[in-house]
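Sharing a structure with you now.
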Amino acid sequence: MTDTTQITAPPRNQWWDVWDQFKTHKGALIGAIFFVLIILGVLFGPWIWGIDATFIDIRSRNQGPSFAHPMGTDQLGRDTFARMMAGGRVSLAVGLTAMALALGLGTLVGVMAGYFKKLDGLLMRTTDLFLALPLLPLLLVIIMLFRDKLNAAFGPEGGIFILMVSAIGATSWMQTARIVRGDVLAIKEREFVLAARSIGTPSRRMITRHILPNVLSPIMVSATLGIANAIITESALSFLGLGFPPDFPTWGRLLFDSVDYLQQYPERVMWPGLAISLTVLSVNYMGDGLRDALDPKIRGR
Amino acid sequence: MFTFTIRRLILTVPTLLFISFVIFMIVKLSPSDPTGNLPLTIPSEVREQIREALGVNKPLIVQYGLWLKQFFWLEPRIYMEHAFGWDLGTAGETRLISYQTRSPVMDLIMQRMPQTLMVVGTAYLVGTLIALPIGIISAYKQYSVFDQIGTLVSMIGFSVPPFFSGVLVIVLFSVMIPSDSYFWLPSIYDTTHEVVDWESFKYQFRQMIMPVMVLALQITAQISRFTRASMLDNLNQDYVRTARAKGLRERTVVLVHVLRNSMIPVVTVIALGIPSIFGGAIITEQVFKVNGLGQLLIIAIQGGDVPTVQTLTFIFAILIVLFNLIADVLYGILDPRIRYD
Amino acid sequence: DGHAGERGRAGNVSIIYWQAPSIMNPFLSGGTKDVEAASMVIEPLARYNETGALVPWLVEEIPTTENGGVSEDLTTITWKIKPGITWSDGTPFTSADVKFTADYCMNPDGGCAQVTKFEGVSNVEALDDMTVKVTFDKPTPFPYGPFVGGESPILQAAQFADCTGAAASSCSEQNFNPIGTGPFKVVEFKPNDVITMEANENFREEGKPAFATVTFKGGGDATAAGRAVMETGEFDYAWNLQLAPDVIANMEKGGKGMPVAGFGPLVERIMLNQTNPSADLGPEERSVIRPHPFLGDPAVYKAMSMAIDRPLLVEVGYGKAGKVTCNWVPAPDAFNSTSMTCDKQDIEGAKKMLEDAGWVDSNGNGTRDKDGVELSLLYQTSTNAVRQDFQALIKQWWSEIGIGAELRNIDASVFFGGDAASPDTFQKFYADVEMYANTFNGTDPQSYLANGLCDKAPSPATQWQGENISRFCNEEFDALHKQLAETAGIEARAEIGKKLNDIIVQNGGMIPLVHRGRLSAHANSLGGVVLNVWDSELWNVADWYRKP
Amino acid sequence: MPDGPAPVQEPVLDVRGLKTVFKTRSGEVHAVNDVSFDVRPGELLGVVGESGSGKSVTMMSLIGLLPSPPADIRGGQVLFEGKDLLHTDADTLRGVRGGRIGFVFQDPMTSLNPVFTVGFQIMEPLRKHMGMTKAQARVRSVELLELVGIPDASRRLKDYPHQFSGGMRQRVMIAIALACDPKVLIADEPTTALDVTIQAQILELVKDLREKLGMAIIWITHDLGVIAGIADRVMVMYGGQVVEQAPTRELFGNPQHPYTRALLETIPTVRGERPEKLNVIEGQPPILGAAPIACPFRDRCQYRFERCNKENPPRFPAGPGHDAACFYDFNAGGPRGA
Amino acid sequence: MLDEQKQPLVRVDKLKMHFPIYGGLLRRRTGEVKAVDGISFDIYEGETLGLVGESGCGKSTVGRSVLRLYEVTDGSVTIDGRDIAHAPPEELRQMRTQMQMIFQDPQASLNPRMKVSEIIGEPLREHRAGSAADRRERVLELMDQVGLNRDFANRYPHEFSGGQRQRIGIARALALNPKFIVCDEPIAALDVSIQAQVVNLLEELQDQLGLTYLFISHDLSMVRHIADRVAVMYLGRIVELAPRDALYHEPLHPYTKALLSAVPEPDPSIEEKVERIILTGDVPSPSNPPTGCNFCTRCPAVMDICKRDEPEFREVLPGRFVACHHFNDIT
């Protein structure tokens, strides 16, 4: 023990352990690879694939898959592949941001309610209240209510994006809040929190250092469910005519638009349907794997 | 238990009042206009006149007060009069009137209730009945082929929006299959159909198959996942080992000891899902033309029918609050360890 | 075949409307679905046939100046009711019912959606049981507003006596189940869902209707309705299938039914803003002060029109249910001007025209400009898949001739909602061009043509109400319209109408695109369907029968 | 205290060469290695060893209570009433389980099903194994509860486990295990979770019951004090193996395995001498990764020598009814000769 | 240990800790769990006071209240001359450096997501300014002190065995050089062979650093080993407090007697001779303790007065305190 600076054991981040465990879950690994591929695809695909998603080539409309158009074209001759990528960007962006918002809100409320006894009653009643509000109708009303104001401020796409994300986010944080609160309550009783208190750690650091890292796994799991939920809600809103404008591709929109052509051009339904299902599926499997990987009982030694 | 229930019941009153206010205001403030759906050829003076006739232009707080009174005081009395034949002096009072149909909102809701309950309720039942065994077997045989397939199917069920799966089954069973075939299924739900004999029952059954299955797929997906998780939690408990040590059959161990415990959270989740039956499955109803409460709501929203939207939304809220309460009470009843008092 | 025979011989007929009827009283709702559902039960004195011609319905003949039914000074019209007509409850149909109907709708507290039909009516009197005289407060060359067409049917005075004025909306029993003279009567009305009807045993025509019962289903979407008629054969008649042409074509292959199209005066057009909508101006000035920075230049709006490939638009958007048109009023036929053609796209010609007028791309940014004014415009419309396709296509064509366009779409309920507080209504027109379709009721376009009058322009002073959306203003037009209002005789009126149409199109009030028809579908086995766009589609439901 | 049973009696349960392996993600865990022992009727066999030494796994392997996977019983025989329990059909095994062999688990808080009444849980094996009617079973359950010292038994049948205290729950567990008059009762650390005063109650009860019912008892614990009080014979386990076995007095008086010795030395007492400093066994218990090829205790052993690293010592006889798995002969004071 | 010159470092006076129970329609306070119900004791500098009793009798609650991890209901706690029970937050925070705690469950008391070095370094981070390098140096020093290999600094708690984890907990408690440490059953979760290691370590540290311990345990034999004086708790009260040898040799209170007699002896020859006092029944609920003496429901020597009057906790022999009516006459 003479060399005090040299630490022989590698400083191994626990995320590596999580990753090791995650890797052993086959479904999760495949899911993760898929998800990364999809994200890379929609992010960088449009750079590589030269055709613009809004470019109309009216002469080649309603074509089946070919080399020029791997997924065919739509009724105006726009390239479906390009539209799928553009749509994926929006759908995933909606999914990820709405999820992040719901998660942020849910975690904030959950942690506050769980940690500060005084806030608990108030925050949990608020959560109950939100749970008691029938969501879909309210979502519809909210969208009707604010769409135009936001459109005016951020342009039609930006406005509806903000609206969609905040509407979905604001109506789906409650479950997370409840779960997080429950976990925080349990963690608060764990001895290491008491230990930190006996040291004199103030609440702020107590939350960031001890509570939050330990409620991570339910949060992560809600996160994966949240993405799937947001993508699907967006498509349902498209169906009810309240989603993004029709010329603005999202997977939900593309799916909805092509349902009419189910018999003539079944592949048109297939692409967005497949994209949504695969994303949701991979995200769900990832969630399963993450839950296992983040559970120290399973990960243990 | 009893005081707990009473306490919760009392607490629901302010909650509901607050919710009613929120709902009233949100819906009211939305730019929905009762004349929005009239043809363009109707000039604006006429629109204004219609609005005036519908009482849209009164102060908000007056409207809220009136609405509250109608909802909580007038309508219950009217229903009591209907049910018991009393006279409670409701004759001259104006009820909650829908803008679109100019008829009492409550009557509309009552009219829609049967088909929604029939279709969505059956779907919920079927979905639950399918989900439970799937969840139980998946958990018992964790990571088996059955479990993997169950997971896959339920995730697909979770990720396929009903406007897609609905249309898909319609194309498969109503379009591709000739209508004289035995397997042909009607694509449009007949809400006037009455079951009087075996034949009409068969027809009712056939017309329910598709909407019920499309809905049940989603319900199954969710409940089976939940059941599986809950079963897994319990399968590792010590008391299961005790039961085995007693020499009980595997079936008894799982179906009596584990199931009973696992069902406690599942049952409450199922109870919490029941309000959604009344809320209808808006999209599925739309696809199969099961004109239930969901469709009523969506038409009302689109048509700017403010009283209908408010009332319907609020009824959903009441149901949610109520079933939350029921779920909590159920939890206490099912789990002898829980004592709320 | 099933043409003739006893009443009710053909069993049930099923009709699907993807918009569900919410009420059976057209006076309380102007919705087409409601008007048409009601038309099977309650009837007007006269209605339009499929060609747009007036036909007597509950009266002996159509009153005209020739037969003396319309007074020489054009201020009164006298209807003579056919004898022997009874309501479905067996009581006789009299002039008192007609007079009651007028009173009902003209009551200011009733919120009658059809008051425009009674515009200018100063008095309605029952001269005797069979005669009704309508007096107008000024000479009315086209006096066929009240009691004509599906929107103005006759209500039974006895049934609605207690439902006038403010009480109108509380009479849900009456509103759902009006007693009528039509071929059917309501058995059960489920608002926004299903109407069940049965044949009216007191119907005036022997052996009609052929069907004993009607199932009138509402709700869903156009695709499902079309599919139910043409593919699965579950329904006999589907209304207004606003679907992509290839979808319709594919459904037709199902072999169970066929689409039918009819053309009224509905025109999809691009309105050109005559005022300056610049966002830099205050709300009191925006879309009020004239002129527009460049849309007043004939070269610009003509080039814009030439760049459009209308046949392609028809093919992409409407198929059978659309025709190329260059006119504002393409129907009825008599009013359809033939002085312009526009069915050829001419990109080169358009470019040249702009070039000649001095619009060149001097700064190389892709859009032409002149004197520092860029040819770039804001193009708005309501949210609707076909319109967005049109927008995309037209934007591409315009960009080919060097006109830039920014697209915008607004939710239909806002766009057409008429909310004076919203900046996005089509009436405010805070854009350079906007696209929508408009039409008029009946066959006489006089009041429709009034939408081009200077003083009908929406402005802050009128709370943005008014139908002259493009703020077109032309002295010649105003004068000519005045002349129309004083002219009787269909031919003379048509001549003036065409001229008015030409003035507005040629002076850049609008760019008409597609003359839209209505497309419905009926089962192959359903006979007697005559699609009528001038009146209720179900106008002749009494004549429908089942082909063997 | 009865001094060692008559050796002529046939064992009721005879375990020979039991091997149990767990297959886990990170490789195999050899939890039980070649464990052999027997119990005779009326005898109380104490099993001690530190946590993870394989005590519970051994006992659960006997009656097929280990879930498989991950558990895999690799070999051995468990002779009970003339049958090999490792190789009988599931039905017979179930008949033995709960019928002929009763089991009491460590944690009384979680071992009872929380949603069934205590009565239901006691009556279950009675109805299953003894074919009793409900009424008969109820009478018998009341008897059983009274036997284990629960006052007001007939009323408490209707109560749920959470309405009982820990000690009472453990009594209920014992009542369940005794329900069908088992020949063998296996108690896996039944008092570890209880307070000393309650533990004393339970120990008193077991002594009583053994005298009354005359069954064989296998009593697992890691508290040598408990063993000293009730066991006739003791078996010490370490690292998945039996390292020493002897009659109780013999073991405490003349331990023959370094682990046993060290263990006896580390334990503080409330009555005996109070040493200034506690003795410790340095080091950590072994990891049971692979089948042992050397003595599992070698790393912590003071008497270790070359051979210990190469061979796994077999159980050498060390006195009457006494054997120890160690190459060091304490009687002789040196390594065992070849 | 009855060295009168020695000053008490910790002085607990009539400490009460009642947890409220809410119930009824309005969630009113309907009662309270009297987890600690008026106890007093002193701990002298450098001494170890053992606190024993059955599960649920309030031992942990005492330990936590003394460190003011709970807001006490009544009574006072003075440590090193400063009133802990009523100190304002900032002062309390500073005083925390003087008093630390070691916990029962070495697994639960370490944040599973922090590295060992972070765990041990946390108190330093909270209370000592200083560079990261200084801190690290101190952490390694502490690890040496408790016998942990320095190489383990970057590992996570789950990579350690129970005994090692407890050493981490001890190192954390030592980080700020406290005077007083509350050990709340520090060995209960450990295996017998490991327990001795930890106890020895605690003793060594006490000698080296002059620490004062409140050693909570239900293991009477371990307490006998480590404590100088022992307090026996029953249902929220201390029933007996005495120097170690005296207590084990000759317990005075009937409960102490029963408790001691219940401890099994790992020696069959002694075990045979032990006279067991088997207590009947269960411990009453602390929310509804019996009137009079707490122990009267189970006491083998119960008298009438026990059911009426609460016995006073007083010194019956020099240095020996008992709360029992049997000792009423002794003054």
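Letters A, B, C, D and E mark the chains as written, and numbering starts fresh at 1 in each.
Throughout what follows, contacts are C-beta pairs under 8 Å (C-beta built on N, C-alpha and C of every residue); 3 or more make two chains touch, one makes a residue touch a chain.
If you're wondering where the values come from, they're calculated on a predicted model, not measured in any experiment.
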Joint neighbours (chain B and chain E) are A, D
Looking at Cα centroids only, farthest away from chain D lies chain C
Higher number of C-beta pairs in contact (A-C or A-E) found for A-E
So, in whole Å, the Cα centroid of chain C is separated from that of chain E by 89
Chain centres from averaged Cα atoms put chain A and chain B apart, in whole Å, by 26
Cα centre of chain D to Cα centre of chain E, whole Å, reads 32
Taking each chain's mean CA coordinate, chain B and chain C are separated, in whole Å, by 39
Multi-chain contacts in chain B, i.e. residues touching at least two other chains, fall at 31-32, 175, 286, 302
Touching two or more other chains in chain D are residues none
Listed in rising order, chain A residues that touch 2 or more other chains are 144, 148, 241, 259, 263, 301
As the complex stands, chain B meets chain C at residues 31-33, 35-47, 49-54, 94, 97-98, 100-104, 107-108, 111-112, 170, 174-175, 179, 186-188, 190-192, 286-287, 289, 291, 295-296, 299, 302-304
The residues of chain D that touch chain B in their complex are 60, 63, 65, 94-99, 102-103, 105, 107, 110-116, 124-125, 128-129, 160, 162, 173, 176-177
In their shared complex, chain B is touched by residues of chain C numbered 16, 20, 22-23, 25, 28-32, 108-113, 115-116, 166, 168-172, 175-176, 188, 190-194, 196, 215, 217-221, 224, 227-228, 231-235, 254, 413-414, 416-419, 422, 438-441, 463, 465-467
Contacts from chain B onto chain A in the complex sit at residues 15, 18-19, 22-23, 26-27, 29-32, 151-152, 155-156, 158-161, 163-164, 167-168, 171, 175, 279, 282-283, 286, 297-298, 301-302, 309, 312-313, 316-317, 320-321, 324
Contacts from chain E onto chain D in the complex sit at residues 54-55, 161, 163, 191-193, 195-197, 199-200, 203, 218, 220-222, 224-225, 245, 248, 258-272, 274, 276, 278-280, 282-283
